[in-house]
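What follows is a group of structures, each given as structure tokens.
Two complexes are shown next, each including chain A; its partner changes from chain B in the first to chain C in the second.
What follows is the complex of A and B.
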């Protein structure tokens, strides 16, 4: 009995030291579900080349990431939307100096079932569909079926961005709130009258869904988010920058990782994951915001 | 020396029991004191009576829990509707009709059913149960209250079966022998003598299964669609109280009205579960007294 206790005590102390050594150079990244696959891939490639650094990437939605940054529980917050004014105030009163870096561009894609004949809509029509004003596909030139809405949950940056830019009102209370981009793609694949919104990285290989072409108004040109030029030139009306927020100017391992993300190698990985590299205006913005 | 040793052991066990009570009171106190500040900003009648929950609204923030209460009760009662007949039938089979060999195989399998993680069951709900429900009821998707009820029934079954079987086994043999001696068949004995005698145990089993179903989070979050509108029937998407807390607690900044309101929902949930367990306990005690 005594010997067992002694051995257990020694093992416990050893575990505490190992735990400490491991946590030395760890970067904790939390937040957006849109960004999670991209940032995980970037961190895997980075860790292959820098075996001393350890990066942990988790999801939870942009809202969760920003809240974690404000509560000082992570080093980098992935956010597919900008910080709200309320969040900026909370950061300041918590003593957090939130700095923003743009690491990729996203053409937010609106998807429908592969068997749905509707393949293009104006941004106002999409807004009316998601606010519940339009309830049947026949009102927009489709079959006579009631529309099933699939969206994200309120902790998602995509949820907030889509609502502020496209819907411009509250979402319909009947919209199904799914857990993440992948769930929306799967749900729309199985539901013939479904419509949903996902980051473009989730539709590059998707079969069984149509990516709608969107026009900024009746009579304007219909552009697709799969076309890199349309996204860069602004012809596709629902393009958005994908951000990372830090606490203060980046130092040490965090600085090296962000420099890697913005480098040619990092931006190539961004393209491979289905998103778009950052245009000049955001390269200049990053230089001015965090010096990278 | 012996007396001191006795006293120490006595004290140790007493402390253990006391610790459990302290933890329970502590949790209740935490919920109560963290939820109270919410009611400075939210009218408590609006909280308990309004059916619109929208704390991150584009227009006006609303904090009403009625839709969530209705959703929770719908999936719980739906699951009991499926699980109680199935559970009592299985318990009757195991205690009365099955040969000892079959009992030795089936009982462990029922226990294993209780060990399946709720995420896995939620996943099965999306991938298998959902499409089946969509096909049977001719809806466009299977993310609704029926899906949630089926999955919660699977989770509540092991509890109901185990405790009902114990209740049936503890009916004194004299009852069975007397009934058979009077000329009743095995079936008549089971339905008219054994089950009524074990009724309080079976009711307690049902209440405990109900408590399990009320508190289940991950399964309903994944498989019921999480639409906040008041459900129109079992074929509409529902959002339970547990899903709402799980979705929103990660992103809410600490110590805001929204944060306190979520603890308010937790408090309501705690009180409901407490009452259900209390009733089960009272009924079970009555059963134990009667069979002595």
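What follows is the complex of A and C.
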């Protein structure tokens, strides 16, 4: 056997060892940027208590996570939106039985500048603002100023969710498309005419912005995403589940980690990170979906 | 009781996906009414809506897949056809100073058909046919010989086993870019598909990867078989809107030095040879660097900029065996759209390269760059434009010349223009 073959053989054995060492008890989680900080914190606490397990969490967006799950390149896909019909189709074709578990609730918050007197709107008004049908604050009881829109980019699960649930039309072409939640908060803070939407974790302690109360329709009760009871009861109309998708029923280390996320300790971490614990309806749903 | 009836009704409708497809808007209204009547809580409504969508999508997918036999569902096919006009003009300056000019125009066609099958979980088989001859650096057929029928060759055929999320093993006649990364064709012509085995290790958690493999150049009934071993450790880093991919490349050739040149290459080459018999004079245990920096200038995927993406790329190679004429490099920039798939997308590329005589094996580099020889330098300009989905027009211009003219030898200078229309399916 010549020199090259010997080197190739040794290298192959080393690669197999390294690859298997990483694979053993390694949980790979990919996807939503909304979820990344929360799941990283959950995994750090979990690994402190389970030193033999290793969890790697990366972002890239909900779509990236779901694609990785479909291609069997990750164990758990974080997603701040549900799987699209096309993704379900691809998963089915790839033999992936996508199971959803909800690990937290997000009260998607609509924010305005701290000096804007408008402090509440209906869903329809918010939708009309972001679609461009309403363009001046005076149309919704505010000052005579043109509205500036701040939203996310099209690869964001939050962008998709807000469009589908609130705007129910295409976004206005004038909407500024920001990189992330923090950028939207900063932009609205500095723009008296600004309005934006962000995950509640980014506004719980934010100064210089108003977090709007929202009603599901004219005449309905206005609810706040900062009020845990309003979000948990479903009274706040833009509450959304934060999901993890798996291939089939969870087993082994993945099952143990998800059980931790759904435990009292895990749900306490969810609250500390600015989100809300899962309500009874989703506890029952998780039990039916993944047996946890 | 009302809740039970409501949920039962929904599940009855779920059983008929056709009904659900038609009644999507009505379903939303029904669910909204049930919430208003306090039959469902808002979260129950949310769960019902989400599950309805997912189940309808799954049923549609199963119905679509179920219509096909299972073995067909596991196979995907793709291919393309390229029609090319090529114009070459070469000036050969002899040592005496006399210049000979030659021109050649050709119409060429290339057809490729590939399939990918996934027989079982973790395994893949890829195979492809292409026009061309047994020249590993070309899949073109020239339009000539009174409409003669053209040959089809086995272009690639290999199996891939994904051992886990990190390690893939490939074996067979492998599409080179699946086993070994190269941001340019300085060393590897785009049509070369080596034969052997390769291992890919990818660890995204530390942004690191390693490609390694063993390629067999020839089989000799007597004497050692010439081969190439390679190892390519690299990293891929994402920093905001930039993505950097870089690698160190190590090649170790076996049984090349002293091998008769004609064993591997038909005709004359440009690597140094020993005189009797004409055999490779040097080893090609080369090492080098590759790098590619991509910059996304498009703030939002749905909003086009004038230039959406810029990529800077380069390759460097050196061969320690000869003491001179042993290095090569290429640097370039491409800009426009990242890919030319959708109508209106375009991409331009400008690059410059020099490849000294014994920097690398002379039967592997881009065959359009001064005939694929080493001891060459020059520029290349490329422009591609998508006129429709998966249909592109392309223009490729090479301006090349001999890098170092040995005493008593000729210098070559060539202009090569290629105009392509490519249709993918």
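Please note the rule applied: the second predicted complex is superposed on the first by the 270 of 292 C-alpha atoms of A that agree within 3 Å, B and C clash if a C-alpha of one lies under 4 Å from a C-alpha of the other, contacts with A are read in each partner's own complex, and residues count from 1 in each chain.
Definition applied: contacts are C-beta pairs under 8 Å (C-beta built on N, C-alpha and C of every residue); 3 or more make two chains touch, one makes a residue touch a chain.
Since this is a predicted model, take the numbers as computed values, not measurements.
Asks: For A:61, is the partner it touches chain B (first), chain C (second), both, or none of the two (neither)?
Replies: first
Asks: Just to be sure I read the superposition right, which of the two partners does A:187 touch: chain B = first, chain C = second, or both, or neither?
Replies: A:187 sits against chain B, while chain C stays out of touch.
Asks: Just to be sure I read the superposition right, which of the two partners does A:282 touch: chain B = first, chain C = second, or both, or neither?
Replies: In the superposition, A:282 contacts chain C only.
Asks: Which partner does A:174 reach: the first (chain B), the second (chain C), both, or neither?
Replies: Only chain B; A:174 stays clear of chain C.
Asks: If we overlay the two complexes on their shared chain A, which of chain B and chain C does A:144 touch? Say first, second, both or neither.
Replies: neither
Asks: Looking at A:154 after the superposition, I want to know if it touches chain B, chain C, both of them or none. Which is it: first, second, both, neither?
Replies: Both chain B and chain C are touched by A:154.
Asks: Go through the superposed model and pick first if A:52 touches only chain B, second if only chain C, both, or neither.
Replies: In the superposition, A:52 touches no partner, neither chain B nor chain C.
Asks: Return the residues of chain A at which the contacts from chain B and from chain C coincide.
Replies: In the superposed arrangement, which is not itself an observed complex, chain A uses residues 153-155, 177 for both chain B and chain C.
Asks: Along chain A, where are the residues that touch chain B in the complex?
Replies: Those in contact with chain B are residues 60-61, 63-64, 66-67, 70-71, 86-87, 90, 145-146, 148, 153-155, 160, 163-164, 167-170, 172-179, 183, 186-187, 190-194.
Asks: Across the complex, what residues on chain B touch chain A?
Replies: Contacts found on chain B: 52, 54-59, 126, 130-131, 134, 140-141, 143, 221-222, 225-230, 236-237, 239, 247-248, 250-254.
Asks: In their complex, what parts of chain A are in touch with chain C?
Replies: On the chain A side, the touching residues are 2-5, 7-8, 11-12, 15-16, 18-20, 22-23, 26, 28, 56, 58, 72-74, 82-85, 88-89, 91-93, 95, 100, 153-155, 177, 233-235, 237, 239, 241, 279, 281-282, 285.
Asks: Sort out for me which residues of chain C touch chain A in the complex.
Replies: Touch residues, chain C against chain A: 41-44, 46-47, 50, 53-54, 56-58, 60-62, 64-65, 73, 121, 162-167, 199, 201, 203-205, 210, 212-214, 224, 227, 229, 231, 252, 254-255, 299-303.
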